[in-house]
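Naming follows writing order (A, B, C and D), and every chain is counted from residue 1.
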């Protein structure tokens, strides 16, 4: 290897290093605010606690006459777990995740359609005098 | 510059680059989950919306007899803005942030003590028959 | 779709779910509320479908699942009889529980899809959340299955009791806990995962068999609550807003309904869960008790005569009306009476029937306008001004022993003061006691007239007599 | 302290604040609630003090601020008269508003402290949030100051109106918006910041001066709501959980109280905010109106005689009781009547007095047990069974014109049906109308007896007559 080639290589490497350093900077600046702020877990915990309060109030405000539809509609909405099932299916390769995902999607779908439609059927029966 | 020195330098640079690449990896793995998950703003927005629901329900459940203490106690708790004032004061150098921070801390403190104590005074007057 | 937009859509879905439950605060807004729920679900599904990185091969499975499941769900929802509602809800819960198990299994096998690490190198926190979701999901699955079987009478309602039952459950629970620790410590081995799943299902099974068939509504509600918390667990694992918020809503809903029912029965949730109480076959001690006391019994014509001449009649439906499917006959009777100028109202006890709001749904099915239907607190002091209380298939919810007999199983439970009406008509088949197995002293009161017979047949006869 | 622990503490503080408001759902739990609030605040302050990276020089300023401000706040809270509450709340709001302005200024000068960028290179999103917090804070500050001045009578209560007033406000608002855009686009220049602050203060000032003194309670509540949203804005800027949650709570509280008041007066919030209605000097048209109709007037002895022989007396307090500070005399009178075996209750209209819950606080101050005090819906149909309605310094809230006279300013507002009592005693100084300036036809009814005089003096005389 002659010195010219070496110098070339060194130059290139230096360039690479520079480039890397640059990307490192960019990445740091992206990562920094997220790191300094609270971790997602704290946010999720906060969301969870507030949702518990909301659930408490919202359910206590349901009129007792509609407690049966309430049971049915919560069936429907709790099937939002389908989101997890879809991700397992759609974002992965391989048979097992696909199988589990498919089963979960199917079960949740039964619930979604079943829950909301039964609720609709029940509610459509409630009529006022006028 | 002889070729030996050049080779040395190239070697060193290569090492640097390698090092940088390594740190880049580490950083990526830290940043990745945060980037993949929602941004803090979405979390904060969620928290805000849920808090609005909670506020709505919690305030509607306040008995009208205690609406005056409610006004006073919200005075107290809204002064949690003191947190911002303290950060401006405690995490910075220089006269201006200190001054603004100090003023804000003082004003908020008036409210905190004033708000909670007035509420306490009012509430201590509410007595049952027994 | 950027991940921010996806999250925003999940947030919108969650808010729509809140509005869905909020709509149920009144019958007027309830249909709109249910629509919000459907829209929210559609948004959540669409957001997930449109998510960055979804693979074509996955889509096929997803669409297939939605089509198969959706068709099944829609079919069941359309064809089910309203009286089978309690078991339907139980069956649905068991599906949610099983779905949670499969989602956890999916996450274990494809952690990268959820950003929780690589296979065999899943983040510790995610493993904890995942196993909590798994265990609760599995318990919900098998527990709801038993509840379904008991309600559907596929299995006898009598409590199944054996020695050291609670101790066994405790040991099983501790074993599951220990396995979770192992699971998390070893970075998520497959075998341990499935052992946990199986043991948790066994636990769910064992927890529910000692509980009597008639207590199943409380159990169903409690499992509803569990399924919510399972969804939360999965939500934390996959950092999904919609799941966490919805899980908390559902968890709260189930817990509150269980509480309402226990309060209405004046029993503690522990009393219910420790089991051994109540069977769906109703009272055992009943019939013989009042041997030497006289009971005034009448027939449909007597009842029709009394009611025709009344100015205010309050109808008190109970579980027997549901059994006999008498709601349409009752509505018809009320229409006849109203045509005669009688003021007719319905009084609903919070735990009348076998599930919260049971009577309301049946009456609504029979086209009774909901403004004629009143809750206990709204109507209870109107019995003193009523000429007739028409008690149809209700028993415990009218039993004054709840007020006076400190030793009674229902002592302390609020009751409908039907005895204050000028005449009380009791429509039931026998002198048997109700769900709680407590004798009802009202049957022997001088202002009570028993109308022995099936609720539907008897009411139809009353309608005929009114026609004359 | 790790930043996670700090966040967790903020979360705990926020939950305690929720519990604080929740406690106010009943007088029994309210004191505990207030304590939760104090503990929450202590936790939030402690978490901030213990935060990683706080500098010693900063501590001095902080501690000094807390000592000075805390002493001032505690002094004011202890020494203020209960009747001065409305203006106290207004003054406190103006402080929160100003504090928000200063926090925004601090963030602008020390962005690194909040992780929102470097001076002159602050993140765009943070600049937007900051300027929203700034503008709302400044409006809250000056607006509340005017409300305070009007309530404290440092300034005349009469609406200050001039031509193109609303147009001017609109233009000012648009200018502020434009400046915010400039501020954000230029990365946060100091001058623009302060120009926004000054203009927003001017806007707050201009928005409130056209509103009559008596409408100030609605304004105060609305500004309370604003101060909450300002806190939210700052909370988003500095990504602080406690601030966002608390801000939303306060925002909701203020908005709901404004709504309750407007509803109670049957006016829209726009009607209030567009101004020109009501002065705190009360009605103008009143006195002469009923010129040729006869009014039965009596004295304290007549009143004492009537009430002594009554079996049920309902006391209806209004703004006049607050003005006269008559609550102690009223309690004494009630004690005397109770000793005579009379059933005495208090009926509170939702907008009696000049701020929500005004009468309740005054009665509580005079040791009236809260179980004797009833809301409008609870007691309104008891007037028909009452012998005497003792209306002390109340006027609009009893005016039947609200039911009958579609042209009246108070048409549609729910009222206390005092006219259904056998005898109505009206304690007021003259025939003048109340806050809404509407004549009260009740004064001329045959079953009404006017007791002209100061509420306190008159009631004391009644007590003396009862003594004999």
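The definition used in the following text is that a contact is a pair of C-beta atoms (placed from the backbone, for glycine too) under 8 Å apart; a residue touches a chain by one contact, two chains touch by 3 or more.
Not measured: the values here are computed from a predicted model.
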Handout entry: If a chain touches chain C and chain D alike, it appears here
Key = A, B
Handout entry: Most distant chain from chain B by Cα centroid
Key = C
Fill in the blank from the handout: Larger contact count among B-C and A-C belongs to A-C
Practice task
Find the geometric centre of each of chain B and chain C from their Cα atoms only, then give the gap between the two centres in Å, rounded to an integer.
Solution key: 42
Problem - CA centroid of chain B to CA centroid of chain D, Å - result: 29
Completion exercise
Cα centroid separation, chain A vs chain B, in Å, comes to 24
Practice task
List, in ascending order, every residue of chain C touching at least 2 other chains.
Solution key: 14, 18, 239, 241, 245
Problem - Residues of chain A whose C-beta touches two or more other chains - result: 33, 37-38, 40-41, 43-44, 46-47, 50-51, 53-54, 58, 61
Handout entry: All touching chain pairs, where touch follows the definition stated at the start
Key = A-B, A-C, A-D, B-C, B-D
Completion exercise
So, in the complex, the side of chain B touching chain C is made of residues 32-33, 35-39, 41-43, 45-46, 49-50, 53
Practice task
Quick one: which bits of chain B touch chain D in the complex? Just the residue numbers, please.
Solution key: 40-41, 44, 47-48, 51-52, 54-56, 58-94, 96-98, 100-129
Handout entry: chain D - residues contacting chain A, complex
Key = 3-4, 6-8, 11, 14-15, 18, 115, 239, 241, 245
Completion exercise
The residues of chain B that touch chain A in their complex are 1-3, 6-7, 9-10, 13-14, 16-17, 20-21, 23-24, 27-28, 30-31, 33-35, 37-38, 40, 43-44, 46-47, 50-51, 53-54, 57-58, 61
Exercise for the section: Going by the contact rule at the top, pick out the chain C residues touching chain A in the complex. Expected result: 10, 13-14, 17-18, 20-22, 24-28, 30-31, 33-34, 37-38, 40-41, 44-45, 48-49, 51, 53-55, 57-59, 61-62, 64-74, 76-78, 80, 82, 85, 88-89, 92-93, 95-96, 98-100, 102-103, 105-107, 109-110, 112-114, 125, 220-221, 224, 227-228, 230-232, 234-254, 256-257, 260, 348, 350, 355-358, 360-361, 364-365, 367, 369-373, 375
